[in-house]
Each structure stands twice: as structure tokens, then as C-alpha cells.
Amino acid sequence: MSSNATGSSVPRAKSTGLHTGDAAPGCKKVDPIIVADHVARHFGGLTAVDVEHLEIPRGAITALIGPNGAGKTTLFNLLCGFDRPNTGSWSFNGTSLAGVPAYRVARMGMVRTFQLTKALSLLTVLENMKLGATKQRGEHLWASVIPALWRTQDREIEARAHELLARFKLDAKAADYAASLSGGQRKLLEMARALMGRPELVMLDEPMAGVNPALTQSLLDHILELKDEGMTVLFVEHDMHMVRHIADWVVVMAEGRIVAEGPPETVMQDQAVIDAYLGSHQDVDLGVVTGRISGELGEAGEELLEEIEEAVEASIEEAEEENK
Amino acid sequence: MQVEDLTAGYLPGVNILTGTNLTAAKGELIGIIGPNGAGKSTLLKAIFGMVKVRGGDIRVNGESVVGLKSDRLVARGIGFVPQTNNVFPSLTIEENLQMGLYQKPRAYAERLEFVTGIFAELGKRLKQRAGSLSGGERQMVAMSRALMMDPAVLLLDEPSAGLSPVRQDDAFIRVSDINKAGVTTIMVEQNARRCLQICDRGYVLDQGHDAYQGTGRELLNDPKVIGLYLGTLGQD
Amino acid sequence: MGHNRHVLSTPKSIGKLRNPNVPRAVRLPLGGAVEPTQAVTRRSPARWLILLGALLAALTLSGIAASPAVADDGSTASGSEEYDYHFSGIVKLDDKPLEGVAITIDGGGFKETVDTDVEGRWKIGVPEKAKYTLTVDESTLPKGIIVEGDSASQEVEFGLTQTKVVNLFLGEGVRETTSFADQFVERIFNGLNFGLLLALAAIGVSLIFGTTGLTNFAHAEMVTFGAIMALVFGVILNLPLWLAILVALILSGVFGWAMDAGLWRPLRRKGLGLIPLMIVSIGLSLALRYVFQFFIGGKTYQLPGAGAAKIELFGPIKLSVIDMVSMGTSIVVLIAVAIWLTRTRIGKATRAISDNPALAAASGIDVDRVIRIVWILAAVLAGLAGILWAYFRPGVKWDMGMHILLLIFAAVILGGLGTAFGALVGAIIVGLLVEISTLWLPPDIKYVGALVVLIVILMFRPQGILGRRERLG
Amino acid sequence: ASGEQPAESESQGPREDQTLKIGTVLPQTGALSFLGPPEEAGVGLAVQDINEADLGVTVEVEWGDSGDPDNKAYETTVPRLLSADVNALVGAAASGVTKLFLDQAVGAGVLTFSPANTSPDFTDWDDDNLYWRTAPSDLLQGEVLGNQIAEDGVSNLGIIYLNDAYGTGLAKSLTENFEGTGGTVVASESYNAGDTSFDAQASTVLAAKPDAVAVIGFEETSTIVPTFVSAGFDGSKFYFVDGNLKQWGGDMPVSIAGSKGTTPGPKLSDDFQQRLKDYWKAENGSELEDFTYAAEAYDAVVLLALAALAANSTEGADLAAQLQEVSGGSGDGEKVDNFADAAKLILDGKKVDYDGYSGPITFDENGDPTEAAIGVYEFGDDNLHTRIND
Amino acid sequence: MDWGQIFNSTAGWLFSPTTIAYALAATGLAVHFGYAGLLNFGMAGFMAIGAYGYAISILTFGLPWWAAMFVSILGAVVFALILGIPTLRLRADYLAIVTIAAAEIVRLLFTTQVFDEYTNSADGLSGYHQGFRDANPFPEGTYGFGPWTYNQNELWVRVFGVILLAIAVLAVWLLMRSPWGRVLKGIREDEDAVRALGKNVFSFKMQALIIGGIMGALGGVVFALPSAVVPATYTTSLTFFIWTILLLGGAATVFGPALGALIFWVIMAFLDNVLPAMAAVGWLPMTPIQAGTLRFILVGVALMLLVAFRPQGILGNKRELTFVK
């Protein structure tokens, strides 16, 4: 990693020694914060999630990657109580979460964001943020009518909200309705709001999709800081640069199953992962592939082209069969 | 297509676009990048008649299209993939694709073949409702829907967001292919590197107007642009 | 009680009412024994009506056309002319009048016996309003017949009027009533018929909701509109029925178009939210309803052929020609609409618009045009439902639509908002429930059953029967 | 209080012409609006008669709309009338509506006079004697109807009735009386004011196979009867009551020839109905089709005017003090059957006992009528009825 | 036309028990819809429960009037619970219809003859005023001036109603600027997001339903205080009127509902005064009697126009409008 223009961050050492035994799918962790067993969710004939065993290491940043439709978001939903699995058990900090409603899960310190953002449109950005804080005294019905009981706490929350907003480059929009945010700004708000509660585990569903790369970079530093403060992060992302940059551990899902696990460098070399997800051509210049600029196509580039063509033909055939 | 001195906004008195200029020659592939909230989506929406234009002009083939309703623009061969809410959740994938071809239902079979060629997953699940799709799958549906109509001008708002890396590459290559086939394409992207790699020319939009422009390569290597907009993560 | 007066006058004196010179009423204190006087006390919560003086003309049987025989037969009517008070009655055995049964009235030193006439009637005048004993001479009854219990000799007493009727219905008295099963089947058919017409209106609601998101409370008036137009053309302008209905449907469509063009489209343009739009529809509903009342007033009108007799088809199933035509029409129209919705381009476009109008426009759909078509279609369906409803109830009334609006909505919700087939299923369930539930429930809460079921079903299927859950995340 | 204090005390003072201002709270809109025109015609005709007689009292009317409890027109109408300083309100048609404004009127010291309320609750209402009514009694009508049905040889009767004070009261009275004659009420089903279809009720009633059906209700009868007839019931076997004994004619889509009904009122020598029609036509340009409670409304206004004359005042309390007496409730008045005669007598210092179009009307001290005359009518082939008793 | 009188009788509405009762119910609805986003179309049910709870407690169970009022409140709480448990999980538009249905069920149960002993079925209840009037702190006499002249009982009802309304408005004002209110508004926007932040959405919604319901029930009590309880008043149109009032004033505003109630009744009264008068002097081509019907046509039209031209309500925030769904 070279130094970057936004400045502050220094490449840091990744957390290591998170697991015991082989870094194989479902391997044991030294200090798991989440343990899931036999969690499966079917939609009609489709098995969206079918996880034999999964442990998420505490105090580390874990990336959950996998092709579109692999079941990542669905797994998030299941873990957080937004959806009920058909079978399985899972626990957070040793407490079983089966049947625990979503809000209770969040209160335990496990907060998630949504891939399709959920801004609270007719609340201001600041109010959105303040809502994220937990254990607010003024949220009790009786206390709420006596401002004296909650005013100080509310001020603290507000200060913290402003701080986070500044970091997420949303400070200028604090007084605006969340409805007026751009797509990327909503992503940012979603994530900032989740952090308001100082969760023990934050689960981010594609937090950086649609966020400007320069900003992404500074936010990643923030996440790393949070990790230093002891927070556990589990995130889904398709941006491999980001995964490589901050993830201590990577879990790969495909067709609902965990297909690989391990430190980022190892996993990304895994041929199965490359085939199913990454493609072997992360670093090929598409300008060259598409013939827009002249340059070394290279072996990888040619492969990519071929692959794509094959895939197209195969899929056309398949689609035709389907339609029959 | 030409955009001149465009001003537009949502709230009364607040202009999001403040005199934006953009030109896309026939058959060109234009990439637009910029920070969040710069007005990129607003620009596309303004071009497509979904945001009221307050000043300036938009011309397609020399004719002003300001004030035309979206469906009229579609009739003129302009296609658009919005950034958010870009599928019909309660329609099946198939129906979503049919909607893309609303004005020319006859060509359906042929276009379907073309589109499923790009996103094979979709071809297998034509009967699934789009509302139950994963984020990436939705994005594919959204792209396909716009491609169905075989437009002359294609406006894409972050088409790659949420797609897995392979799919992203596919998507870019396809966009490039489509463009090569003569479709003028304007693409907003946060996956700026990839975008700039394939586009003919790029614009950097900041605070409502075009801060930089140049060929893709120029921007890609411009240290200012890197510092402010591209970041260094992707640079290996 | 002394101040409570009771007017007793002969029927004849009523005729002289407007002649003030003739003293026409005799005032008598009301006998303490007369039962209703209990209610006199001020606190009595039961009834206010005490102490009514009475003029009952009906006592004079001679005035009743139905019994000329009495008038002819001086003997049976004996005494009836000389006294103000009468006992009378009919003796029947298994629904056949018994002639020559001897009836005796005895009391207060007065006693008289008469025989029943060919119609089984008897009548005895008495001099004062007091208690008497009525005795039936059982020997004059046919062989083997006796009067059950002690009614062969019973105490009889006058009420507020000068007549006391005592009928004797002898015989086994097994009344043949409709069996529960037959009633059940009959109501199922009624419920189906009602459900189908509800479905016509419900699909319209569902379409409009499905396309524009508007919960249209004025739909009730669109239903009424159809019926009123059929009335105007079929009755007032006297067109042949088929033509009147056709014109009514066309005008319903025009009405739908006009509402969209004149009201909803401009409001959509203004970018009004769905809740304000809903309130606008409430205002529209109020205004339209009273426009109807302005023109046709508060009474009920009938369409030509309403109230036609039902024909027994098989078993307990009875349907009138109108019922059959109505059910047939509903089914055909509903299937056609369902196909239109799921198969045609415009049908799919309606759902697309419902999901996301901006994206629909971006796909090249002329949103306004599709919405206009939906309004026209919904209005025609509502109009048709109104006409069928006018035959089903029967009657055309200014507020006839409003009273089924909740059922229409319940149907739409039960089936799942925005799904056409759902509206159909929901409507039929609601129709059946409303009709069948009164087999168990008191009829004045007949809608309660249907509404409770609505809530219960939604407890288990919050998205409605055919509705789908949205995914999260 | 009642009409105990002698009327002489007032009539000794100098007599000025009285201007009696009445406000009507009758249904012009809403579900009960079909009751409005006949009642308003009754009021209007009475006012016309009184003013033409020109005998010491002029009546002014402020027309108001009671609406129904659904549209709540009375909410604004009553305050408007009260602020227009009316002396008496005539209305409302429905007991439920009267209840909602009676306290307000009483609070303002204004007399309320209903031509149609039958709810027993008003008898002991805390009304400062300011509530009066000419509505017919359901006890008496129930007995007359019960006797009539029994005399027609019906042994099994079905009843379908409106669930409100009027319907339940009449149904109860009819049931008691009819069963007292040896008949049986085999089915008795109620419906609510808002109901628009009655086939569930009809089906239940018909399942019991009654010989005849008594329909107790109002306008909705033209929907109820066809429901029964199309289910196979004989159209000549219905019995109606004052609320629905209309000249149905073509508004009833099935033949009800031979069916009978009762309604209060003496047999009239002059053509009251024709006069109402003429009046209505002249005032409103439309035909008056129904006469339900027209006579009661007429009598209400006449009684008020007579009370004003007798009291030589138009204050609500003064009117109330005289109403029982002019109705004949004090027992020694001279019988009169029209306003002009009565007014002349009162101006001569005599007591009167007014008997009107709705019957002999004699109030008790609660303001309830204690006498009535009930007519029996039968429908002919044209679905129009004629009186069959005299 | 007597403008003085028209003004007088219209002005009376500024301070009338009906206005106060509607304002209370609309304030409750503001909590439901304006802040919590609950599409409650069953306000008439809450009002009916308030009114009947009050009347039955006094008439059948002989409770003192203040205890009867607490019974009403309790009734509203119980109804909110019964209504909320099955329905608060429903989508907004489903909730609307279910709450209409629930309110109709309530009305029909009060109407049916099954419970005649307690409810007097369709005839409704009356004659429960004594206790409340005995508690009147104002000595007998006439108070006020001009159109606002009242006897002691009328004044007492109004003063009492205004006190209740003031408490309700104050409560809403306090609640909605607290974090509690913030959560509620969050739920209005997207309950899943709020759930993900660890708030018990169901409980908040239930609390809102109960609080608004209590205000509705108190509205019912104030409604019943000066008159009678008749089931036919508690129809869906009552709910519609309350909604109209809410939207007139501004849905998510503290004073909007009270203002809306004023405007609504002043318009109603004004039209009722003006139309027959105009007809009488020949300015309208109809009889005064027909003008009665015209009033409701105009009320409907006025409602449409008001909402069309000021959809956010009189006190509402224009800015919100840009983003409404």
C-alpha cells in the first residue's frame, strides 16, 4: 500500500492468529463473537443460505464476500433477527439468538446496516444520527416529558453525532431532511448512524458501494480506529481493494454455503474463489481488454475475454432451454 | 448530445447543478465521476426530464429536449438506469424486461437473448419477482431493462454498484461493447478507475459543475484527480 | 293515576270528528287492572307510552272487505252492534276453518254464546271493558279434537282498544320450516352473488390503488353513479334496459376519465402525497354523495325488472334470472380483467407504475395514459357493480355505494392489496361471510362477523391472502 | 311543571300580537332526508294557515337541517337557530338526533317539539318541561296492528324491524299483542339504519315459514319487500306501519295488493294531503310524494301557536306552560279541530282542546300525547292504499 | 342577509364543546398518524369507547363522573391493546382498513340489541349529566358576552374541555420534542431501520396508539358531556372529519389539530348560515331547503380545495412536501 493523498493513515498490521486449526470453511476461532450452526433459509425451491458452521472472530474485521445472490444479505438478516431461518441455531457472545427479535439483537450490541439504504426521510440527518444512540433516557415514555432528565445526555449524543457527521462528510447536510441525500450520502448516513450506538459488533452490508473512492479510504481508516477501540466488524463488500486493505479475515459464500475462509491474502489466491467470484483479472486494464487503448493484453486479459465469451454462449443456451 | 450551462435543483432556491456543461459526440462513451452529492445523479435526471431544469439547455441531435417527459425521451431512443429504485419490485424479472421494451414489444425475443447473454443468471430466473432479488441481482435487472430497448443514447447511474468483481468487469466490457456498436453512453461511476479505463472522455463533477474533463487516461493519471476523487486504494 | 285519561270512542264517531257539536268521546278512567298502566310511573325506563286513548276502527269486522260473510250473517255478529267492546276470533283446525264451534263469553253478569261461521269466525259484543271468561264447547269440535291445556276455558281481557281478538289454532301444528342445510346452501348462493358484485368494485379499488397508490374513498360514489345513470336512462328516459345499462356504463367510463383528467392528474402533477390525496377522495366522496342527493333526493328508486321472482333450479337453490345474469356477467368480466391485468402490456404497466412511476416513465411508459385507462376501467367496473348492486338489494339510492364501501375495502385487503385475483378471492369471502354469518349471529351485527374474520386472517397473513411479503435488506 | 297555573293571569294583561319564531330541525340531508319534505310541508302549511287566519299570532319559520348522526348537520343547525332567537324548535325526526341537541336547546330555554320521536327516554328527560311531541304511540299502534293481523287469520307472523327506538318499540308491542291473540311470532329479525341489503334477514324470516310478515321501518321497505317477494313470499301478506305506509305506487317494484298497514290519524273530511301537496308544489316546485309525520308536524306548529296565544307570550317556558292545556290535557277545554276556531276561542278567554290531523292529541304532564286514532289501510292493485276502517 | 347574526353564530364555534372534542380527537390522531405514521382510521371507535365508557359507568355502575372518565381512559387503553396486538405489524394501508373495520365493529356492538341492557342499542344513552354538573365550580348565572354567552353548565363543559385539550396539546408538545418522539418519527419513516438501531418498534407504536387513543376517548367524553351518546354518531364519517381536521391543521404539528377543528367547524357553521340565507334572498337558484344539501357538496369541495392548495396543512411544513411519497 502506498501512502495516500488524504493523508492520515499508516498501513497497519492485520490481526492474526484468529483461528485454530486449518483455515477451512467453518473453522474454529480463538475467540468467536458469533457462532452459527446449520443455519438454513429456503425461499420456495431456492436455498439462499445453508451454513454448516460459522464463527466470526472478536475484535477483528471480517469480510464476507461472494457472488451476487450468494446469500450474504440473507445471512445478515438471519443473524440479526430480521428473518427467521428454517433451521439452525446461532449465538452472539454465547447467547443464543434464535427467536430473539431484531431490536433486542441490536440492543445486545450487534448493529447492522442495510444494503438498500433506509434513510429516515423526513427526519433531519442529525436526527437520524441521534436516533442511532442507544440507552437514551428520553426514550422512555414517562421520562420523555421531563426534559431535565435527558437533556444533558442528549447534548452529548448531539456532539458525538456532529463529530461522526464531519468524518463522513455529511456535516453540511446535518440540518437537511435525509430525503434530500444523494445515493452515496445515504450509504454514508446509514453507516454513521449504525456507529452512533457504539456497537460491539457492526455488520455493514456493502457500506462503500456508491461511495466515492477517496472518501472510502478515509472511512476505512476510521473503521480501523474503531477496531483498535475493540469493535468487531463484519462487512459485505465487492470492492476487493477495500477487502484487502482492512479485512483480517475473509469468509467466502457461494450459493448459500461457506466455501472458503482465511486471511485475505490466502483466500484471494484460492482458485475456487477466483473462479466463482473474483475472476482472475482483477488487475487487467479494461481499456486494453476492450481495445480502447493499445497495450499489452497479456495472458490474463485474453483469458478474461475468452471466459466472457464462453459464459455468454453458455448462458444463451441455458436461457433458451429454460424458455422451452 | 449537448448540455449547456445547466442549472437545476430540487428545493426552491437551491440549485444543485450550477452551470454544468457536457458534450457527448455521437458514439462516444463518457464517464462522470465525482464526490458524493456532487450532482452527478441530478445531472442525469435533469437530462432525462426527471428534475426540473431551471436554466441552460439540453440538446440531443441538435434539438432541445428540455421539458420533455421521460416517456417522450424514451421514444427518442434515450435509455436511463437510475441509481436507486431501479427495478419494479412486484414484477417478475421477465416483466421488468418487458417494461424496458414497452414501446416496442415485438422485439422482445431478440433483445432478451442479447440481454441474457450478458447476465446469464437472469435468464434462469425469469419468473422470480424482482423484489426478492439480492442487491447485485437487482442491479443486473436494472441494467438489462435499459438495454432491452436498444437505445441510441444510454444514461447509466452507477451500473456497477453492488455487482461482484467478475460481474463488474463484465458490465464494463458490455457497456463498452454496446458503445462500440454505436450507442452514445454517459456513465456515472464511483468505481472510477474502471470507468475511466474504458471511457473515451471523462468529466469530474464537483459541487454542481464540471471541475475537470479530459480523456479517460488523462484523468486517471492526473494527480489532482487522484488525490481528490480516486484515492489510492486501487493503485497497486 | 287519576289524571291519566283514556279516550274510548266508537269508530263511527271518528267520522264525525270535525263536527264539534257532537260529543264524540267518552272519557273513562283507565282501569287499574289494565296492564300497561304500570308504565305510567315517571321513572319507568321501559316505555313512555301509556295511557293512550284509543280509537280502533278495525274492531268492526264489517268494515273489512275480507270478511263479508260476517256482515251478512246477523246471528254471528249478534250483539256486536249494540256494544262498544268486542271479542272476536277465528277457530281453525290444521289451517282449515271450523264451522259451528260454540264459543261462550262470560263475565260480570254478561254471558253470550255464538257459533263460528263458515270461515271459522266468531264475534261477541260486550257491554264493558272488563275481564271475561272465554269457553270453547269442546263437544262442538270435530271428534277426537280437544283444545289443548286450559285454553278451552281462558280468561280474556281488553288492551288499549275496544277489540280483543282470540284466535284458536288447533291441530298438530307441525310447521314445515326451511332446514338449516337448505338455508345454508341458499345463503352460499346469495353470498357468491354478492361477493361477485363486490369483486367488480373491489378490483377497481385494487387497480387504482395498485397503480397510483391512492386509497379511493370516492369509489363508493362511482358505484352509486352507475346505478343512478341506469336509473336515469332506464326509468326516467325510458330507454330499453340493455341500452340504458350500456349508456350507464359508457357514462361511468366518462365519469372516471373526467375525474382523472379534472382532478387526480393535476393533483399528481402538483406532487401531492398519498395521504392528502386520500383526504381529497374523502372530500370528493362527500361532495358527490350530496350531489346525488340533491338530484334524486333521499328515496329509493327501482330499476326495471327489479325484484323478479326466483326460480327453483335444483334442491334449495333458487335464483332469479337477474341473479343468473348478474353472476354470469361478473364472472366473465372478472376473468377478462384478470387476464388483461396479468397478460397485457398495459396490465403489467399498471403494476410497474404502482411500484415506481418515475422508473415506469423512464422505461417509456406513458404513465398518465395508463392511469387514465385504469380510472376509466375502474369506473366502468364500479358502475357495473352499482347496477348489479341496485338489482341485488334491490333499489337505487343516493348513498347505496357508501354502505358497501367498507366491505369493498375489506375484500381488497383480505385478498392482498394490489392483486387483482386477491380482490376477487377477498370479495367472495366477504360476501359469503356476510350472508352466512347471520345463521349464528344476530342480524344487526351481520357485518361484524366479516370484519372480525378480516382482522383474524390478517393476524396470520399480514400481507393478505394472495399478497406477498416484501423482502428486507 | 304543567299547565296548572291559570291562563287567565296572562290574558288579563293587554294583548299584543305575538310573533312566534320557530326553527325547524328536520332532515333535509342524509339518510333520513326522505322524512324531511312531509314534515316540512306540515310545518309550512300550518304556518300558512295560522298567518292567513291572522288571529293575534304570526309565525315565522327559520328552516334548518337536522341531517343525520352521520353527517352531523344538527351540530351547526341548532346553534344557528338558537342564535336566531327562535322560541321553539320543531324536530327532530329521529329520537337519536333529538337526544344530541335537546340539552343544548333546554339550556337556552328554547322549547323542542318533535313530530316523530317515539323513544321512551324523553318521558322523564330532565327537560324543564321544554320537550313535547305529537308522535304516535307505538303501544297503541302495535295493538291495532296485532289485532288486525289476528283478524286476518294469521297464525304465524314474521317481523322484520328497524333497530332503533321506533322499530324496537313497535315490534315489541306488536309481538306482545299478536301473541296475546293466540298467534305466534315465528321470526323477528332486526336491521340497522345503515343496512342496504336485507336478504340475510329475509332468509331467516322466511325459513320459519310465516303466514304474514310485518315490516316495521321506513324508506328501506321498498328494498325489504322485493327481497321477500323474489324469494317466493306472497306480496299480499305484508303488514306495514306508519313509517312505511306510503303510497308506494311504482316505487315498489313488486305488487303488494292486499297488504295492509296502520297509521295514526282520524279519517279526514278535508283533503289535508292535497293541501300539503299544493303547498309544497308552490313553495318548492317539486311533488310531495310522502306524508309520513306531516300531520304530526302540522299539529305541532298549531299547538305552539295556540300556546303562544294562550300564554300571551312566546317564551319557551310560557309556551310549555300552556301546551298541555290547549291540547286538552287539563280536561275542560272546548273541542276544536282547526287553528282559527281555537284561536278565536282563546282570544275570547276560553279554554280549548285542540284535536288535529294526527289525532285527538292530549298531552300528559311529560309532554307525551295520550290519545291517538289509528287508521287501517289496505293496498290495491296499483300499490296505493286506501283506508278500510273509518 | 343578516351578517351580524351569521357572524355571531359562526363565532360561537370558536369555543364550543364540539370543536374541543374534535380538536382532542384530532390531537390524538396527530400522535397516531402525524408522528408515528399509524394510519388509524378508527378514531371514531376510540371516541365511541370514551363516550360509552363514561355514560355506562355512570348509568349502569353508578360511578362518579371523574371515575367514569378514568373508565373511558381505561377503555381506550384496552381497545388500543386489542387493536394493536394483531394490527401493528401490518403495512400502513392495511392498518387503515383494519382500523376502520375495528371502529365499525365497536359501533355495531354498541348498536346491536344484544347488549341493550347496557347500551340501549340504537337509541343511545342519556341522563348522566348530574354528577358532572354538581361538580361545577361556577355558580349559577350567565357568563360571557355576545356570541359567547353561556349558562353555568355550558361554561363548565367548555372550561373543562379546554383544560383537557390544553393538557393533551402540552403532552404532545413535550413528547414530540423528546427522544421518544424522535423514535416515533423514525418509525413513521422506516420501522426496519429503527428496529436495526435497537428500538422496540412495536412497543413504541403501541405507546403511541394508546396515548392517541386516550386523547380520542377524552374527545368522546367531551363530546358526550353536554349531550347524549348515540351510536350512529360514531360512524366512519366521524373519523373522516377528524382526519380532515388533522390535515387542515397540519399532520405533524402540535397546534394544527386544534386549529383544524376550529377551521372545520367554522366553515361548516358559516356555510350552514350563509347558504340558506343566500337562497332566501334569491342569490342561489334554489330553495333554502335545497341549500341544506348544497352545504355538504360545498364542504366536500372546500375540503378538496384546501388539501389541494395547502396539502401540508395550515401549520404544516412546506419543505416536507417535497419529499412525500
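When the chains are written out, they are named A, B, C, D and E in that same order, and each has its own residue count from 1.
Simple rule for what comes next: a contact is a pair of C-beta atoms (placed from the backbone, for glycine too) under 8 Å apart; a residue touches a chain by one contact, two chains touch by 3 or more.
For reference, the UniProt names are A, B = ABC transporter ATP-binding protein; C, E = Branched-chain amino acid ABC transporter permease.
Here the structure is a predicted model, which means the values were calculated and not measured.
In terms of the stated touch criterion, the partners common to chain C and chain D are E, listed by label.
Of the two chain pairs shown, B-C and C-E, the one joined by more C-beta contacts is C-E.
Core chain by CA centroid proximity to the global CA centroid: E.
Here the spacing of chain A and chain B, counted between their Cα centres, is 25 Å. Averaged Cα coordinates give chain A a centre that lies 47 Å from the centre of chain E. Averaging Cα coordinates per chain places chain A and chain C 63 Å apart.
Separating the centre of chain A from that of chain D, both taken as means of CA atoms, is a distance of 77 Å. Those residues of chain E in touch with two or more other chains are numbered 108, 111-113, 192, 237, 290, 293, 296, 319, 322.
With touch defined as above, residues shared between interfaces to two or more other chains in chain C number as follows: 290, 293, 442, 444, 472. Shown for chain A are the residues in touch with two or more other chains, namely 73-74, 82, 114-116, 180, 205. Per the touch definition, chain C reaches chain D in the complex via residues 3-7, 11-12, 14-15, 17-18, 20, 25, 27, 36, 42-61, 63-67, 88-90, 92, 95, 97, 119-120, 151, 159-161, 163-169, 175-178, 182-183, 186-187, 190, 194, 290, 293, 297-302, 305-310, 318, 320, 392-395, 397, 399-400, 403-404, 434-435, 438-439, 442-444, 446. The touching residues of chain D, counted against chain C in their complex, run 27, 29-36, 118-124, 137-140, 143-144, 146-148, 150-153, 155-156, 163, 169, 177, 180-183, 186, 189-192, 194-201, 203-204, 206-209, 219-220, 222-223, 225-227, 229-232, 250-254, 266-270, 289-290, 331, 334-337, 341, 355, 359-360, 362, 364-366, 368-376, 378, 388-390.
The part of chain E that touches chain C in the complex is made up of residues 33, 39, 86-87, 89-91, 93-94, 96-98, 100-102, 104-105, 108-109, 111-114, 192, 236-237, 240, 243-244, 247, 251, 290, 293-294, 296-304, 307-308, 311, 321-322, 324-325. Taken in their complex, chain A has these residues touching chain E: 80, 82, 101-104, 106-107, 111-114, 118-123, 127-128, 130-132, 134, 136-141, 143-145, 147, 150, 154, 177-180, 193-194, 196-197. Against chain A, in their complex, chain E makes its touches with residues 171, 174-175, 177-183, 185-186, 188-190, 192-201, 207, 211, 319-320, 322-323.
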